[in-house]
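What follows is a set of structures to go through.
First subunit A sits with subunit B, and in the next complex the same chain sits with subunit C.
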Partner chain A sequence: MPTSKSEPSGGRRGRCYDLAVIGAGPAGLAAADAAAGLGLRVALVDAGSRPGGQYYRHPAPELGAARPEKLHHGWAAFARLRARLAARPLVDHLPGHHVWAAEAGVPGDEERPWRLHATRGPGAGDRATVLARAVLLATGAHERHLPFPGWTLPGVVTAGGAQAVLKSSLALPGRRIVVAGSGPLLLAAASSLVSAGAEVPAIVEATSYLGYARGLPVLAGNPGKLAEGAAHGARLLRHGVRLRRSSAVVEAHGTDRVTAVTVARLDARWKPVPGSERRIACDALAIGHGLVPQIELATELGAATVTGPDGAVALAVDAEQRTSVPGLWAAGETCGVGGADLALAEGVLAAHAVAGRPAPARERAVRRRRRAFAALMAAAHAPGPDWTGWVTDDTDVCRCEEVPAGEVRAAVAELGAGDARTVKLLTRAGMGWCQGRMCGPAVACLSGGGAGRPDGRPLSCPVPLAQLADPGPESGPA
Partner chain B sequence: MLKRTPYDVVVVGAGVVGAACAYYAARSGLKVAVVDRGPVAGGTTGAGEGNLLVSDKEPGPELDLALLSTRLWRELAEEFGARVEYEPKGGLVVATRPAGTDLLHGLAAQQRAVGVEALPVAADELRTLEPHLAEGLPGGYLYPQDAQVQPALAAAHLLRASGADRYLGEAVTGLLRGPGGSVTGVVTGRRELAAPAVVNAAGTWGGELAALAGVRLPVLPRRGFVLVTEPLPRIVRHKVYAADYVADVASGSADLQSSAVVEGTPAGPVLIGASRERVGFDRTLDPGVLHRLAAQAAALFPVLRTVQVQRAYRGFRPYLPDHLPAIGPDARVPGLHHACGHEGAGIGLAPATGLLVSRRLLGEEPELDLAPFRPERFEGAERLEDAEGES
Partner chain C sequence: MDPLDLVGAEPGPARTILFDGRAVSALPGQTLAAALWADGVLAWRTTRRGGRPRGAFCGIGQCFDCLATVNGRPNQRLCLLPAEHGDTVTTQEGHGRADLEV
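Then we have the complex of A and B:
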């Protein structure tokens, strides 16, 4: 897998990759590997500097981590995949490429391939356009944030962010870390944190976990997931970590930094039970409410979506991982959050479909089992409708533009906003640097409109103006 | 719930034009309902830049409307002020070629004759007004009446101040009809709203609403993209655009027309706007359009080459074949009034439109002759439309 860091060879009109895979996490890596194995010429286009995505995030070699695999479940699978890809000359790895727009091609028309427009850095020349006959979107997911008073204090990090920093720079966000939110990531994060030497006084999980009881057959079909949970559980038990179910952090305290949190019990609708509050001292809070598929590149093209049991919007795909846009495939979290094993399987399935080969039975079986588990998990950890009750009017909902919840509520009640887009227009919530990735789900809930149709986004990430002004070279395989 | 409510007028459309109609009608003492299939400012208004321009208009009915609106926006600014981010910042039109200055002199002379303030700016004065403007531009004109509002806030605050009952998220599916085919209200998925008058302020959807009344109003969409930079310190003080823009607005061509209108906003980002294409309601991004906008903005303000474009958005401007809006009662259908087809000038022209519509609702003499805006003026004009419509 040649890694291209230099200016890509340009000007090869008419020559293009058979497949461009966007994202080098589990789904993208598996797809690139399988597609090359089937003889396709593949561009693996990734925003990161090293393959692996968020899931297989690992320390830079310069850090000299002795055993990066210690922080990873599934490291062996990644190592195998990476080694296989490295030996595949048909795959060009294009790291550091942030794709800002995917211009749809016309299937079967060699003159009109897909064009992926990417930025590679701040300079005017750091622009790249990748040509391909088909595109696989494997851009993964980002974290769902549900705001609460004090969530912007230093020391409050996301559960995923805490894991990412640990995996990439071997650093901890604090010494005494409360882990809170909802979802299986909490156990994984807490387990990593205690392994790395942190004290975790409590894991605060908003659901009761009773949701899983309704899916016993699904659980029986996913023994690996149970074993994974049991391993985390056993490690946490050894370290005396307490799991508080049906509870939430409803406020973080501190002036310069978080020094304590208030935890309250929740009813079934996630409404805090009055009088149940108790304070836990800590110097960091890792909070996570699951993941939301990152699908802007596809929704901008009008791709059909489905809304999951947790309210998250994902791409609708058929049995061959095809989206509703001709020539665009999707795999992994973009089709609904379901974990690395599912992503690996879907990447392989998508590669076969693109190559016109029959789907392998093993991956089909994995997908069936894991999709069922993902649906169960999404339903079990769906935010309760009354979570907004703990968001006081002066709590900033949008951190980038510093828009408090009270302003969002006024836009709805007084100015006639009925959805997240109008709230954004009237309050600027979601107009800042992160473009609503952080506050989007919260604003949607506060505006009462639900997730709704995703807002079109002609640019999926910021682009230096000079790169828009000067069209760059187009690149296909060398 | 099929309950008849005694309104004097039902306005269809909660964009800025519908909101202005509601505002002036309510101020005249009428009982108003506003209905929209989406939220407030959910259509073209929410995708607009908020240009209140006289500078880009040649003398004629649209400029008359714009001059009336300029006065009305000043009054409205007293009432709403900072809440709608009104900024009387003025427009600066620059020539990009020496020949362009002659064009600007000619246009400014005509505009001044009808009451537009236009001050010539010599080449060496340009950078006093706009310190970051490119060097070597041959000259331009300053238009102090040009101003800016934040369109969604303008629509929302006008609508709230009107006190009108809002029925948002309800699409109009039919019209109530009275004796002689008159329109006597609207039907939504949830209710009937009866009123002796219905105002069509449905923007790009205005043609469909007219069709519900059995009449033709050939409103067509004209697509536009706007680029939004990261928040910046105030480096652009006026609305600045190249002289080519004036020609583009009047163009009947289906090709891409773009010349960058560059301006700062109170929140910090610089807006770069005004691509114009006739591609129906096609939402597909054409990177070539973004390229032209960015290149022209960078040609006017080279410093912009060093900034990030944070996002882009698109909208569809509702236009009629002769590029004038439809304003006033429809002679073909008693009870039906129109206030749509403002193309890219709806934010600017909204107050005048609202005021004129309310005059006619009350049977009063309007401030302007509405003849050029007659909604039925396209009757028997199919051939003209074929020649000028989408290709």
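Then we have the complex of A and C:
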């Protein structure tokens, strides 16, 4: 797998990759490997500097980690995949390439291939355009956040972020870290944090976990997920970490950094139970409420979407991982959050479909089982409708533009806004640097419009004007 | 146990960065945000409206809360930038472009 960090090679017009894979996480790695194995020329285009995405994020080589697998579930699968890819001359790995827009090509027309526009840094020349006959979107997911008073204090970090910094840079945000929100990521994050020496006084999970009991046949078909959960559970037990179910952090305390949190019990609708509050001292709080597919590159092209049981919007795909846009495939979390094993299987299935080969039975079976598990998980951790009860009017909902909940509520109650877009136009909530990634689901809830509308982002990341003005040379395989 | 023990890390010699004029040690390969966390620093920006302190939140370059001025250039995401020897990180006030105000 040749790795290109330099100026793209400037392929001749008409010369393009058979497949461009966007994202080098589990789905993208598996797809690139399988596609090259079937004889396709592949560009693996990734924003990160090292392959792996968020799930397989690992220490920078300069840190000299002898046992990176200590921070990973499924490290062996990644190591195998990475080694296989490195030996594949048909795959060009383009690290540090953040694709900000995908321009659809015309299938079958060599003169009109897909154009992926990427930025590689702040300079005018840090740009690249990758040409390909087909595109696979494997851009994963980002975390969903529900605001609460004090959530903007330094020391309040995302559960995924705490894990990411630990995995890649071997650093912790504090010594005594409360982990809170909802979803299986909390257990994985807490498990990593205690292994790395942090004290976790509590994991605060909003659901009762009883939702899983409704899916016993699905659980029985996914023994691997049960084993994974049991491994985290055993480690947490060994470290004396308490799991508080049906509870939430309803306030973080501190002036310039978090010093404590208030935890309250929740009813089935996630309404805090009065009188159940208790305070827990901590120097950091890791929060997250599940994951949301990152699909704006596809929705900007009009790709059809589906809304999951938790309200998250994902790409609609057929049995061959095809989206509704001709020439655009999707795999992994972009089709609905379901974890690494599912992403690996869907990456392989998509590669076969792009190559016009029949889908392998093993991956089809994994997808069937894991999709069922994903639906169960999404339903079990869907935010209850009354979580907004803990959001005081002076709580900032939009972190970038510092828009408090009171302003959003006034836009709805007094100015007649009925959806997130109108609220955004009236209050600037969702208009800042992160483009609504942090506050989007919360603003949608507070606006009364609910979720279900896909995010629209014409540019998926900030792009210097000089790069927009001149997209630069186009590159295909050398 | 600390994170380095856990993975058996043997990094090369530490680098020195300057945070608001103070020397802070950074391991090779660590991001600026991680080096500051390891030093107990959680905030390196004040917000545009409320002047409130902020630091890293998402840790993966998506939330833009971890902006600061690095080597004179404002609005840099510290969770993405590897710490290089001699890097100067300055707490960013507001949009970090006070020099452009009229």
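Just so we're on the same page, the second predicted complex is superposed on the first by the 474 of 478 C-alpha atoms of A that agree within 3 Å, B and C clash if a C-alpha of one lies under 4 Å from a C-alpha of the other, contacts with A are read in each partner's own complex, and residues count from 1 in each chain.
In this text, a contact is a pair of C-beta atoms (placed from the backbone, for glycine too) under 8 Å apart; a residue touches a chain by one contact, two chains touch by 3 or more.
Just so it is clear, the model here is predicted, and its values are computed rather than measured.
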Winner on subunit A touched-residue count between subunit B and subunit C: chain C
Examine A:Ala104 and indicate which partner it touches, taking first as subunit B and second as subunit C; both and neither are also allowed. first
Just to be sure I read the superposition right, which of the two partners does A:Trp433 touch: subunit B = first, subunit C = second, or both, or neither? both
Can A:Leu468 be said to touch subunit B (first), subunit C (second), both, or neither? first
By the touch definition at the top of the document, which applies to A:Arg367: first (subunit B), second (subunit C), both, or neither? neither
After superposition on the shared chain, which partner residues are touched by A:Arg457: those of subunit B (first), subunit C (second), both, or neither? first
Touch check for A:Arg399: first (subunit B), second (subunit C), both, or neither? second
Using the touch definition from the top, say if A:His232 reaches subunit B (first), subunit C (second), both or neither. neither
A:Arg144 in the overlay: touching subunit B, subunit C, both, or neither? Say first, second, both or neither. neither
After overlaying the two complexes on chain A, where does the subunit B footprint on subunit A coincide with the subunit C footprint? 401, 433
In the complex of these two chains, what residues of subunit C are touching subunit A? 1-12, 27-31, 33-35, 37-38, 42-43, 47-50, 52-65, 67, 79, 82
Could you pull out which subunit A residues touch subunit B in their complex? 101, 103-104, 115, 117, 124, 300-302, 401, 411, 414-419, 421-422, 425-426, 428, 431, 433, 435, 449, 456-459, 462-466, 468-471
For subunit B, which residues count as touching subunit A in their complex? 14, 38-42, 46, 152-153, 156-157, 159-160, 166, 168-169, 225, 227, 229-230, 267, 283-285, 287, 290-291, 293-295, 297-298, 304-314
State the interface residues of subunit A toward subunit C in the complex, per the touch definition above. 47, 54, 59-68, 70-71, 142-143, 152, 154-158, 160-162, 164-166, 168-174, 195-197, 256-257, 284, 399-402, 432-434, 437-438
